[in-house]
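The letters A, B, C, D, E and F name the chains in turn, as written, and every chain counts its residues from 1.
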Amino acid sequence: MSDYCIQLINPNTCQAMTEKMARAARQAAPADTRILAVNPQEGVPSIEGHFDEAVAVTGVLQQIAAGRQQGVDGHIIACFGDPGLRAARELATAPVVGIAEAAMHMATLVATKFSIVTTLPRTVIIARHLLQQYGFSDHCASVRTIELPVLALEEQEAVAREETRRQCLEAIKYDHCGAIVLGCGGMAGIARELTRETGVPVIDGVSAAVRLVGALAALGLTTSKHGDLAYPLKKPLTGMFAGLNPF
Amino acid sequence: MSDYCIQLINPNTCQAMTEKMARAARQAAPADTRILAVNPQEGVPSIEGHFDEAVAVTGVLQQIAAGRQQGVDGHIIACFGDPGLRAARELATAPVVGIAEAAMHMATLVATKFSIVTTLPRTVIIARHLLQQYGFSDHCASVRTIELPVLALEEQEAVAREETRRQCLEAIKYDHCGAIVLGCGGMAGIARELTRETGVPVIDGVSAAVRLVGALAALGLTTSKHGDLAYPLKKPLTGMFAGLNPF
Amino acid sequence: MSDYCIQLINPNTCQAMTEKMARAARQAAPADTRILAVNPQEGVPSIEGHFDEAVAVTGVLQQIAAGRQQGVDGHIIACFGDPGLRAARELATAPVVGIAEAAMHMATLVATKFSIVTTLPRTVIIARHLLQQYGFSDHCASVRTIELPVLALEEQEAVAREETRRQCLEAIKYDHCGAIVLGCGGMAGIARELTRETGVPVIDGVSAAVRLVGALAALGLTTSKHGDLAYPLKKPLTGMFAGLNPF
Amino acid sequence: MSDYCIQLINPNTCQAMTEKMARAARQAAPADTRILAVNPQEGVPSIEGHFDEAVAVTGVLQQIAAGRQQGVDGHIIACFGDPGLRAARELATAPVVGIAEAAMHMATLVATKFSIVTTLPRTVIIARHLLQQYGFSDHCASVRTIELPVLALEEQEAVAREETRRQCLEAIKYDHCGAIVLGCGGMAGIARELTRETGVPVIDGVSAAVRLVGALAALGLTTSKHGDLAYPLKKPLTGMFAGLNPF
Amino acid sequence: MSDYCIQLINPNTCQAMTEKMARAARQAAPADTRILAVNPQEGVPSIEGHFDEAVAVTGVLQQIAAGRQQGVDGHIIACFGDPGLRAARELATAPVVGIAEAAMHMATLVATKFSIVTTLPRTVIIARHLLQQYGFSDHCASVRTIELPVLALEEQEAVAREETRRQCLEAIKYDHCGAIVLGCGGMAGIARELTRETGVPVIDGVSAAVRLVGALAALGLTTSKHGDLAYPLKKPLTGMFAGLNPF
Amino acid sequence: MSDYCIQLINPNTCQAMTEKMARAARQAAPADTRILAVNPQEGVPSIEGHFDEAVAVTGVLQQIAAGRQQGVDGHIIACFGDPGLRAARELATAPVVGIAEAAMHMATLVATKFSIVTTLPRTVIIARHLLQQYGFSDHCASVRTIELPVLALEEQEAVAREETRRQCLEAIKYDHCGAIVLGCGGMAGIARELTRETGVPVIDGVSAAVRLVGALAALGLTTSKHGDLAYPLKKPLTGMFAGLNPF
């Protein structure tokens, strides 16, 4: 029997990616921790821009609400843009961690500068905005892209993996980084291998988030309900959002 | 007959607020410009936190998509958190302006420092994040609150107005600001009066946005479709999001 | 008869540039707005550095004082360094907008990052300082130069135009910008064409300023007279500056 | 038998504080993790300034070298100034985490702003410098002090505890923070109680570091040896430093 | 006979202030250094805002040009706003130092935070902008004002001196600064006394600049003529500016 | 007989480097100033990383304590990382200046941007952190390396000098800097020659620090003893640190 249950939310509707991330999460989790992997039924099959993120947020919040009812000990938002993170924190009692922030925090603990290797060029701005929000702009040596869409990580796995490895090596060689952050949930599962192959710490946000949210839970730290992360004010949500109503 | 049509999107479902903002927008618009004021049918009746914003975003995007089909010349997101602004810009061809950014930009043109007077304390963090994103943190002297919810601006209009005036005067007296930004769409319509009463420029984002988006339209400037604001990648959106599919 | 009169101040003494900018301004202005284009009789024929700016400032202030006496509804400082902007705001009652800030503000509304294409390399530092002052350093992808002096825009128009176009295209290709800001008043008049040719919004500060200052005027927003932009303290200005005395 | 061994280094020579922190660390550690608590034999009995930190660093490095020889899985520098952190990372193979950074990282995951409650006013500047280095200046609402020296936490425990509680409550009330970071290793052991008493997450860096360094170890992430954290260059260290020679 | 000649430029036309600053400068100068104190014949009698600064710049540049012809070894711009500093550097060969930057640089060498005590509230924004330009925003604990105009330092010397002392003491007590920067050239001559009376380093920019510009001269460091500080481009300056033409 | 005595502390144990820096210091010093050049007996022979710096700090503090007893008028920490600077300031009464800060301050007075030319790539991060701490990140155009260890400056002097010159020239050509800061104490003595050869101000921190600390001493400015630079609290330092005890 597990002591802790962590909800892993894939914000997109791609079941294969949910399963891949669940495998990585389970590999990263301690023995006493169960991973509950979910994804919305409705939404967008992959997230590669501001619009995709916006569409995904409702599903994330529905899952947070569901996880909260199930009494999970922590939630992970498993998309590198951390979509809906602050809104999720308002809704949740347990800690909520995004995989981008998880990987970035970890990277700053093992290197003075890290590089991010992500998917399409249009997502670079999202990573840059997160770096600024989290305070890590000065800790980031570069953001590189494999110039392949998210789903290529499922459908052309070998090609995508090879290009990821190549960008990691170039970042190490040219950008003066000491660690690599993998910039997509779909890259979960290859971090340990890439760490071996590249000689620097390569960090997958899914694994990092499992351990971080587990750490918060074990320390008895839950999301602050004082101030701007207090539960949402009670209001009559209507239509397709009625289900989100937390009361 | 109007030359320009600007879509004013109230992201919440409060019809009274839509109408009030429409009046302010029409008063601010030039003679050749028509205001098309809309709000989502489903969503949240007022926006006072990250969660409320997240819920509102779907409605904003639906309206953007509708406005685009109607061929409007510009879109305004009329909630002080500018919810969904970047996603809306991906979806839109015409320019999209949020009322928070509109008011802040204008304020920096008439004063070296401005203060924001907004509604509830929990929304202050949203204003602070916007200031950082837009580059205006150093131009903001203070963010003050009237400690009343958004709908008080409809339901206790006199009280809310008086408290708004009081906070403006205190900001001028104690915070060394030269102008005031009204931090809620529901405060539209009182800016000119407050300008007279306080002796400093008081800026309402709805009016400011009408003129800004009109300026962009008149200059032939539309949202960049090069890079991260390019149209969303074509994907099979499902369920309640299918309607958002822009193709 | 016009409702609004906007004073367009070319800070240098080059009459041809004043006329070119006046044409661009009139094209950008709404029907109800008259453009009053002026330049100092004495000063410097083009502005390409800190010294040139400093020399130009007295002329700018003389024109602001004159415009104020004529009761204009707004002033534009039409040189990309926005020379004397804050001093002008102290002296003026009506709103004052610089063409650099005007173009930069507009650019942030249609793209997440913009590039600047300006004249000589020695002016780059001026653009960088303005970006920092206005809060837009993080919104600027690059500052590029055509490596031609300002007056080449008058005397070798075709060459300068072609090189401007080339730098715009390179910025789009290599610097990940979504929009271009033209970094010299002498580039007024080619923005719409360049927008068509490059496929991204290309923004000319003169046109942008006409619409921005017009927006402020229409909204009843004038320069704050509270605090550091209050009218200059009454003092006996002497010698060639006596004419500047605003009392 | 433990799977992991984490070395907890108290940089000062106060044995009582080492023991108190060891107790907090053991309480925070998972069952499979052993805490090896050490402190230098020579140095300074408490750390309350730049000079004290500088004196403490040699001891920290000696302990890191010793821990490395013993094959520990991670090192914790258990003083809120994180003295010698970067130097320790050069010397170590395993991950090294300071208690200040640990607490700050955790705080940003459960609140949008945190306050720090530390000991003497002269240490505030140290906290401020760390906030800047780690990127968290904008996430910090305030740094407050109990105006008692570090050793008061041992010798006047009840008084110090009460004053700590009082400062936490004032920070929550006046500074708009959502979480509290305890700014001294000597405050270890009271975080859970203060969390209950104050209603917001109160974070002790020792516990946080135990879980963070454990997370890194479990994920197979060790300190980057590429670039500026590579092992120190081989040099003939002399005199009292000969013992530090890692070769 | 002196080895070095330093030109002290008072940018305003107040002869009494020029003389007071010259006395302070001579007291601060080494034996081998002669102070050549000048002020423009025409301009503004005191500088308390952006407009006053703008008016003063022409006179500063005329004096720089004159000093250059006389072969001085360095120039000081002796007004706390450092008006025309960059333009002066273009025009000069010898080093040019402003008294605000001089005092700020020195302050950061003897304290981790300094406060500024200046004259009128409307000049605070000028100090803030300089702090940002020079990189010292984070080193400044506060900017305080004596709420007296510049000329009060001449005409009500005792009152102004007492109020300056009072603000220094309050800054020390409440703002956590370790040093004070006197924010007006007219405060020259009282720094040593205030240092004694307050117990912290109180820095007068005139004295600081004399030693800094002397240091540069002695080290053979002159203003860079590579890049944006190269001599102004040769142009036909006209009218009252013809005299500024450096060729 | 000298009026002033400045203690030049080489933080490493390389006697040859101490002597070279002493020669540069004496050349830079005014006639009334004596240079007391020292280095620790024990420590590290050259400083090329965080660990080396940490090892060197104890020696720096011992020398500061010794210098203080001898009544020197100022201390210089003559290693480009400014190791132990803040701790030294706590311990000292006289002013303390690091050679990195000295060179950077001077560079900002003669150019709008400077480049740093230093030794090994692993020291770049140290320079970057100092730039951030001192507020000069935006004033630095680039940090370049000669890719030679510190001691090569002694043992392969001609090669190292030539490579230094080459990097200076490349920085001037490609990085848009107006001045060069030499990023190692071992480069003392070649700044004047390089200034001649490159045509831009090349600044050696040792010379710069001699003049800066001399300026502070002459102005009667000593290290603030108010706040965080107050003397270290009285504590029983033990073991090899007992000698550091300042009481």
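The rule is short, and it goes like this: a residue touches a chain if its C-beta (ideal position, glycine included) is under 8 Å from a C-beta of that chain, and two chains touch if they have at least 3 such contacts.
The chain list, named the UniProt way, goes like this: A, B, C, D, E, F = Hydantoin racemase.
Everything numeric here is computed off the predicted structure, so don't read it as measured data.
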To reach subunit D from subunit C by way of touching chains, what is the minimum number of steps?
2
Identify the chains in contact with subunit C as well as subunit E, in label order.
B, F
Just going by residue numbers, which of B-D, C-F or A-B has an interface where over half the contact pairs are the same as at C-E?
A-B
Do the two copies subunit B and subunit C share over half of their interface residue numbers, or under half; same or different?
same
With contacts defined as at the top, give the pair, B-D or A-D, that has more of them.
A-D
Between the Cα centroids of subunit E and subunit F the separation in whole angstrom comes to 27
Just give me the whole-number Å value for how far the CA centre of subunit A lies from that of subunit E.
53
Can you give the whole-Å distance between the Cα centres of subunit A and subunit C?
44
Multi-chain contacts only, two chains or more: what residues does subunit B have there?
86, 89, 112-113, 121, 124-125, 132, 138, 176, 227-229
Indicate which of the five shapes (line, ring, star, complete, other) describes how the chains touch one another.
other
Could you list each pair of chains that touch, in label order?
A-B, A-C, A-D, A-F, B-C, B-D, B-E, C-E, C-F, D-E, D-F, E-F
For subunit F, which residues are in contact with subunit A within the complex?
121, 124-125, 132
Within the complex, subunit A is touched by subunit C residues 112-113, 138, 176
Mind listing the subunit C positions that touch subunit B in their complex?
28, 30, 32, 86, 89, 95, 97, 101, 105-106, 108-113, 134-139, 172, 176-179, 192, 195, 199-201, 203, 207-208, 211-212, 214-216, 218-229
Which subunit E residues qualify as touching subunit C in the complex?
13, 41-46, 48-55, 57-58, 61, 84, 86-87, 89-91, 121-126, 129, 132-133, 149, 227-230, 232-233, 235-241, 244
